[in-house]
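Okay, so here's the structure we're looking at.
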């Protein structure tokens, strides 16, 4: 059985508009995917595609309007907070902005010690030993224990954030843009650390990022999102070398490559992401799609199997096969 | 090629309550007409300050302590505020990172356009409106008439950046300073903006200084690249040379640690942290993180060495291929080290 | 940490240290008042009314023949206590209400905010005047009224902070870690909402003092013969037209200095909590 | 019509706030410790009179019934009688409001005329001599008790320099211009009485200056801070980099943005005018609403105090509405 199974996740937000009208923003429109133990799934897409909303639903910072989030055999999508609390240990999150993700009034030891106090019955000696162990695990020294977040470098802050999540001994770690606030040299360090921890602890990641090069580096499988839906999902190599959905293709083509010899003449995707308020009737990508035909405007596009473990939501590129 | 802009030994300091921050520590930079130069470096390396210094807009309490900024043979550091102001917008224009906040929220786009046009004694009235309309069309804005009537909050980020580019280029400047113009913008939009900038500057033969931390962006549109570290340019040259054969250990580290979307490779780490610019290290600023640092590096300021035609590096060993083999070996070793064991 | 703040404060804004010194000085005067006075502050000396400053009466005597210096010193007890106590009460009510409003949101928030709107629709002097006129003029009543007029400021501040702190990543992290709501509120949210409260508290102590003194000045505060600065100024107001300046100038100067002290201190604290100012 | 929609929406908000205001007044009068009869009856009334007044005012009924009655009274414009003047409250308010209005309008106008330019210039020439002087005086100004400042002015300009009249109201005894608006400046001018106008201005001098000075410090400080913030914004940086002359940037582009915060503050100052007038009117024996309310309050004459509080709160709420409209006119982001 999969470690995490997400089915038909939907989430809307009310936005206040002038004149007393409230409008509905359709942030997630039926997101489904599974994550197997030990693998890393990447969620990619541009701003407003719903990747962060998905993350927030997974750790139940948000309550989805509809759908299921199976963690093992437990559906946490609609659990009330008290029932959810003991389960939170199994599913942790690392946040985007290291300096904002640590309570400025707690020392490193307090921050890492908090989940230990919440979820484990430890004596003071045991707890200290565990804190030391965690610090060493993420490459911080014992002397960092009594520091406050503002006394740490940004890289060190992110390590504390990781250690705090690991203190719960989670089965699944959601990484929400963990490297996008970091400079190149610090970013490399954090990515290496995450890889190392995955190897040594056998932990499962959901890695959310808009940075496709990082995703290619660290993920086993990738899901590409657009307007609150997954448009393509599959093994990383497959997605990056032969994408099936025109959006994935365009997205990959848009990422600049640090090699002047490859200066491109690739086509550039025109237009901007459409509004989440008036969702298109047919294919979500219709307005910007370079290969669209008239039928796309009215035909909704569900994911179709495009190969082993590879699905894409485009009936032009992925013809229906007899046996699915 | 005629040099349009020549910055020599520029020093910039920020007195703060904790001490003086040595933001720029001898920047040397040249830019020829029509060239696109990428200025790359990490946060706090002094990229933006170099651009601000060029147009005389260093935010207070920053102060240029020494150096020369030569524009067409004239030293801008001696120019009066009025002279600089005439220069800005007409000969040198600038665009910034956050397009939405760079436009005044209380004025319509047409009003803002008009203020800029008037500042440069350009056309007035109907002619001015026609010109604004034309510029907006040129930067690929559909329905310019509606956009001119709009206020910034009614427009998307991409639209705002196009408008800023249109304004910046409407005076046909000879130099465009672009300070992280696509940072924080989605990749598909970034691709549009970069292409737009490249086409426009090519058609007007505008020299461009593109400030970014993204080596991919530089490779995409720049002719030359300058790498900054701790308030100094450590290496500079044609993009093909720098990406193909970087000779400063920092440039090498930077390129090695940049991940690519088109291939999978082991990730490299530059150990250590950037120096504290309140007390900048003497001699070579990079030596504490450098895989090939030797005793000299702590004693002597590294000279600028021309390592190949038009490629300069500020390193004692820039011309020493033997040293580079050693650096290469060290990088290979680092790849096997657990990240926990590296100093942070 | 504390020591670091003080040093930092001093370097950034030396005037705030002056403010701190003034506030401490007034606190000392209030505590040591019995040792500092030269005459009984509430005992008229017969045949000695309205004398200008002299060796015997440093600040002169008032229209009833009481020693102004001793009264100014003694009044520090009442004025400082009113200022501190009313601010403390206002902060307590304000923080609790603001935190509740910001944390709970929804109907609770709406209800509390509308109540505050209604209360703040009154100019504060007028609300204070109306309440004092209704409940009577005792010192505890004055403290309560001043606190009641000021608490909405804190409530709004804390609520606004709460709304932003609630959105911070560390608050979200705390929830994901499995903190129950009370631990969220008291360990992660409220402590991080208090920064602006220190600033406002210091500035507001000055305002509270001014309000209390003003109430006494218009005859709706402390009653004679209790020494209180505002009341003393009003005692001298009529005599001023005849050139008897000392009766109102000295107590007025005391108010001015004390309020200045609170304001300077508040400015310095504001610098610490908002370094982009100045 | 977006403006109409906006206004009607704001007016809708007004209802609940005004209801709240009335409730607050009611609670203060009826539910605080103490018997409200004592507040609303003459001080020397005997037990029998008190009982009569109690039934007359319905104070023996349940609290909700009292509240309903209170609301209908207000609806019919019945606010009771001011014991210390013997007039119905509304009559007193109508008589005295012009005096207060004249004083406060002039005081505030003077304040705005000085503070806004001062704050803007201080910010533009930041750390210059003007900035230092204005910052120091503002700092001293916010700490100054208003009544003390007024007294010092009287002492200097009346007692010593003899430049101002004594603090005894709006004119010499017996001075009474023909009443049209009730505002003496306007009434004397309408009557063509220039000498009278001069007298009026003379008597207005110190109260107006006191009122202006009190409000100047916070307004100057806010204007300066707001302008400094705007001058450091991205759009100002962009305009400068685009070659717009510094002067144009400061006074055409930045000023509008910098004035948003002071407008709010002016709204607050205007809204609190009646509150500020209380002190100044007491000192200058100014026969306006503030003095009337203070006299009533010190004599336990509660009906005028209640009415005054209601009146002040209503004015403040209406002024805030005007502030909102000013914002609406300036800031396109608010339009709907």
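In order of appearance the chains are A, B, C and D, and numbering begins at 1 in each one.
The definition used in the following text is that a residue touches a chain if its C-beta (ideal position, glycine included) is under 8 Å from a C-beta of that chain, and two chains touch if they have at least 3 such contacts.
Predicted model, so just to flag it, every value in this text is computed and none were measured.
Asker: Compute the shortest path length in steps from subunit C to subunit D over the network of touching chains.
Answerer: 1
Asker: State the chain with the largest centre-to-centre distance from subunit A, centres being mean CA positions.
Answerer: D
Asker: Let me have the rounded angstrom distance from the C-alpha centre of subunit A over to the C-alpha centre of subunit B, please.
Answerer: Comparing mean C-alpha positions, subunit B is 31 Å from subunit A.
Asker: Just the number, please: Cα centre separation of subunit A and subunit C in whole Å.
Answerer: 50
Asker: Please compute the C-alpha centroid of subunit A, do the same for subunit D, then give the distance between them in whole Å.
Answerer: 55
Asker: Which subunit B residues reach two or more other chains?
Answerer: Not one residue in subunit B touches at least two other chains.
Asker: Touching residues of subunit B toward subunit D in the complex: what are they?
Answerer: 55, 57, 59, 81, 85-90, 93-96, 98, 101-108, 115-116, 118-120, 151, 153, 164, 167-168, 171, 177
Asker: For a test of understanding, state which residues of subunit D touch subunit C in their complex under the given definition.
Answerer: 16-21, 23-25, 28-29, 32-34, 39, 139-140, 142-148, 151-152, 154-155, 158-159, 166-167, 225, 271-276, 278-279, 282-283, 293-294, 296-298, 300, 302, 305-306, 308-309, 312-314, 316-317
Asker: Could you please specify the touching residues of subunit C with respect to subunit A in the complex?
Answerer: It comes out as residues 168-170, 172-181, 187-188, 191-192.
Asker: Inside the complex, what are the residues of subunit A that reach subunit B?
Answerer: 46-47, 136-140, 153, 155-156, 159, 183-185, 187-189, 191-193, 196, 210-214, 216-217, 240, 250-264, 268-270, 272-273
Asker: Mind listing the subunit D positions that touch subunit B in their complex?
Answerer: 232-235, 237-246, 248, 252-253, 256-257, 330-333
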